[in-house]
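Inspection log for the structure reproduced underneath, given as structure tokens.
When the chains are written out, they are named A, B, C and D in that same order, and each has its own residue count from 1.
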């Protein structure tokens, strides 16, 4: 079974998420990074490629050209990872899809709903796989939570509370990471709501398997002069009567990357936090709280899938991200062989991407209308 | 300095909060319980009084008669504690106030806004003290948090997140405690929102010192047949632009008495939970999180007031409650001597009671109007 | 049922533990403090008594005289609380016992083994009750742990790990509390080992119900010039083959009052910490860890005894201490009525006191012999 | 800069630690696994190699032959990872060292002191690098702790407490992992003390930089019929007067992989636990406890080295292990170029291995002599 060949768009020197994708792709040994358009600046692109051991011949300065060239090679890439700012997702995604190359794309899907629709159309037309790296869905205990809920262990789900709180934008910042995330031209209409709100929303929906119906959102920009929201308050309603609250913030001092999910049903409740992702509390009504551990006692099938180390040997952010890449490899191999997809594989896809875009739009629109209830249908 | 004499209305055999008030009154040695109308059932009232060592002569079966009789005694009670269900607060409160006796009353203030107004009028007219037992405001670290915010240690307050979550009403219940709390005739228009939502709201306002402006509320009753809300979602707006979220629930499986307050400002953030009330985390932007302990390093003046044990020797729910009684005694002694009130004493009062009633009304009204924004002014 | 009458020796202005005893005695309403020899300084004794509302006639400057006088009164005290430094336990304890008055005494039992034996002899001869305030044994979850172990829920006990760590003596100190605790004339041969090591040892034995056999101890005094130990390392062996470790320290920076007990058996393990005493973790081998809460789901009979508040409403140090006083009252009432003692009551007694003295002696002796194994039999 | 070429001895199908080494080697992209003697069973060796994409030509069934063959190739391996049970460390280590190939070896160093000495002699003679995978030393906060102590932030170190507790051997087990770890022929004289006690000891010494002087150890085997220790109690003395305690157990029910280190000095204290390795508490005497996070506020130079993700994005066990491989690559590149070694690189080496063997021997010997103090010099 040969390693798959990966290309990358974006992720040159100084980038954050590009390096994460590369480590994630390496961890389980299913991928080799062999090509890249790592920067729109040609010089920087080639230096970055050299550092990463990419053959100069396959270091490109233009993603369109790269798509064409790689599609033409016998040893062309199996998939491309797109790790640029939001406004630079659509064009390369579409280019590679059209070239018959699978796409692994960072979130949110795009900067605008129109771009999102164009990507979706290209996915449909191309028949290629499109994988969105909502990496938090790949933590083993998150998979286990989803499976427990599906098995009815919490009873009827009544409440979903999700928060994703950080503090790095508490003050004005001109770092590379901050500048594009607070720029509507590069991020789109959502700031915090797009950058991390979509993760929270995606995670809540993934685990609960509830269908969101409508929301009421109150967005703020607490830092003077900032053009996009840095704090997001949302009340959620789901089909069937469940309710939720979502809080996303980048100005909550004291929080580094505080993604937390709590779900309560008629029979039980769950509580999980990303910063210590190897434990989850679970309570059956009337019984003591259980501390479930990754791979530990009472682990379910989904919770045991994709483990690399036994309980007590913590896995983290990169391992979750790696699972996305490993399952992407799994999907690609089956798809390319024309085999049916295996069960138990979950990779966030174009539908998740569109749902995230809807969420951003609904939040912005609701907030602009004094938090009026807005459909998510 | 003689001990003050306390009477009690309600709190007979089988009651919960009456026993709490009695312990709270004993802890610091400022009070003797000497009279009571402990039950509306005469037999039960007298048995309860006997068990508590109350002189049979001062065990009453009628609170109105008790007010008159105690006011007439030379050794009459200095204050009465009213620990009945909500709909039975107004009549005794007014009776004792009119009789010139200070009132310590459980929360929420009353079952209806009209009753609340009548109590308020009686307070004004009588000139007596009225103390509402929002006991959670008396935890030392809560006092410290309030003082730190007032001193500007968090900068401009941007965000207030408060939650008060329990699970004891997850299923239908006919316990004594449950039955009146889910009965509109005895509780008023709010169920969970009145019983614990008001605590959360009061705590958030007490600590932040923000002025609430309006709210959008989504109330639910998840248990079939229940007449009052058992889950409360609220988005808050404060004067000056701060925002908040409040979640109160009695169906959140896995939570016993989960009152938690988080406040974030432009310079720092605080996080405190009632179930382990002797610690609070505090982060200055850009610095490591500090774990502040009750009476420990960096304790402030307000945080050191009313301590009974050194750091590491946990105080709990009853000690906080006791502080309300101790400060009530302090106020009463000064008031009755015609002395100016001492600084640093905080006892929730009639204004807090009215604010709580406004909150309940606004939540119910908002929720009935599809979570429309409703003024709290 | 009348309240019992309490006298106190020690505990005048500025004392710490005397105030704790007084609150503990008040909490459940079984005691009135009516007499005292609160200080060996007559002036201070009387001022202290006046502040506490003790009738001047019953404020004594001499405990011997107090014992005689109180024994002679028809309304004389039922018991005396001795809250002086260690070297001042024996004389008053013996005086009151001889006068036919029950004794409640702070720990450790005495400053020297000889004094301890004299107290023990006086207890035996007098037939009076002697209660040692090892208050930590009265936390509800500690009682529950003991009951769970007795019921075999942990299987055969293999391991006991107890630590009691503080940091307040990290540097030289001349505070009132520090000075006598580091003075061999007032504390006896043990410093940290007597002050808090005995608590740890007592708790470990109380909960495990194991019989200690021998120990190897390494005592240190890290602060230059200090005459008594401030850090204690002990390895323990119990009859039947169980093993243990005990660490007590007053120089462990970052610890306020860190008493923690862990017990592991062939079937399960327990973990409890005093600073958040309302939770305890319990794991059955091969199952997820359970978080047991005071009075919560799965609480046992012993864990539900002496509760004042429901789960989630934290009780603390003073409530545990109060339970000692409440059970002392219970014992005294039964004893004085000639009734058999009720089941389920546990108050540390003279045997615990002697065991603690043996422990101190064994630790000091072992440490002086290069940590040689020393019998505890 | 080419990737280094790695070979592996052991780690065939069903092995645990071999897979960990392979992931660790991949994470940072410095290594390619190109050769192996993955099992002593030839069939199994080749199947395992095939699964890992190793060229069949470089899949060996004999490590001695592999050493010779790889040394002869122009593209021969740069280093070999030895991941066999303890008794199979010495022979391959010596073979590869003699062949001029660097060795990365799992811990403990060997099954017997004689084997350990032979390895040490071969290291010395060969001039090759020898790296022992005490992976826990590579957690970023552990590096930071070491640096903080070296900088004097804790003052004079007084106390070192380390524990490493698991429960997987609570009952008799015949799993592959259990069987060799409880077999003196394959593990050597130490069971739990060798398997995890050496990790604890190494970590304590690494971080504190104290020189161990002597120990008193009490070893037990609680499971009937087990030939090696499953629980280890140790008191430690260090040069200069610091003291320590070490507890290692594989029968402590409720613990998965509970490695915890606490160090207290005259000015401050540290507390770190492996199961949530991204936080560490640090207290300066008289100040509130600080929660330090991996890469967060107040991170030191050593704590920022080798980070892959920002604070709040947890790294775990594999990332720590990967750092050993990355720093090994760093050392090898410098060494092979004849360059001086860079500063700030820490890889456990042959001296650590010998110290661990001394520790095992001293523990076993002390325990056999009733816990007599035994030199570690």
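Basically, a contact is a pair of C-beta atoms (placed from the backbone, for glycine too) under 8 Å apart; a residue touches a chain by one contact, two chains touch by 3 or more.
What you see is a predicted model; the values in this text were computed from it and never measured.
A.B. asks: Where are there more C-beta contacts: B-D or C-D?
C.D. replies: More C-beta contacts join the chains of C-D.
A.B. asks: Could you work out which chain's C-alpha centre is the most distant one from the centre of chain C?
C.D. replies: Result for max centroid distance from chain C is chain A.
A.B. asks: Between chain A and chain D, what is the gap in Å from one C-alpha centre to the other?
C.D. replies: 35
A.B. asks: Can you compute the centre-to-centre distance for chain B and chain D, using the mean CA position of each chain? Integer Å is fine.
C.D. replies: 55
A.B. asks: So what's the Cα centroid distance for chain C and chain D, whole Å?
C.D. replies: That pair's centroid distance is 43 Å.
A.B. asks: Among the residues of chain A, which ones contact at least 2 other chains?
C.D. replies: In chain A, residues 255, 281-282, 289, 293, 296 touch at least two other chains, as defined above.
A.B. asks: Which residues of chain A touch chain B in their complex?
C.D. replies: Per the touch definition, chain A meets chain B at residues 154, 158-159, 161, 167, 170-171, 216, 218, 220, 222, 231, 233, 235, 237, 241, 243, 245, 247, 249, 251-255, 262, 264-271, 281-285, 289, 370-371, 373.
A.B. asks: So in the complex, which bits of chain D are touching chain B?
C.D. replies: My answer: residues 281-282, 286-293, 296-298.
A.B. asks: Across the complex, what residues on chain D touch chain A?
C.D. replies: Within the complex, chain D touches chain A at residues 1-3, 16, 19-20, 22-23, 26-29, 52-53, 166, 255-258, 274-278, 293, 296, 308-319.
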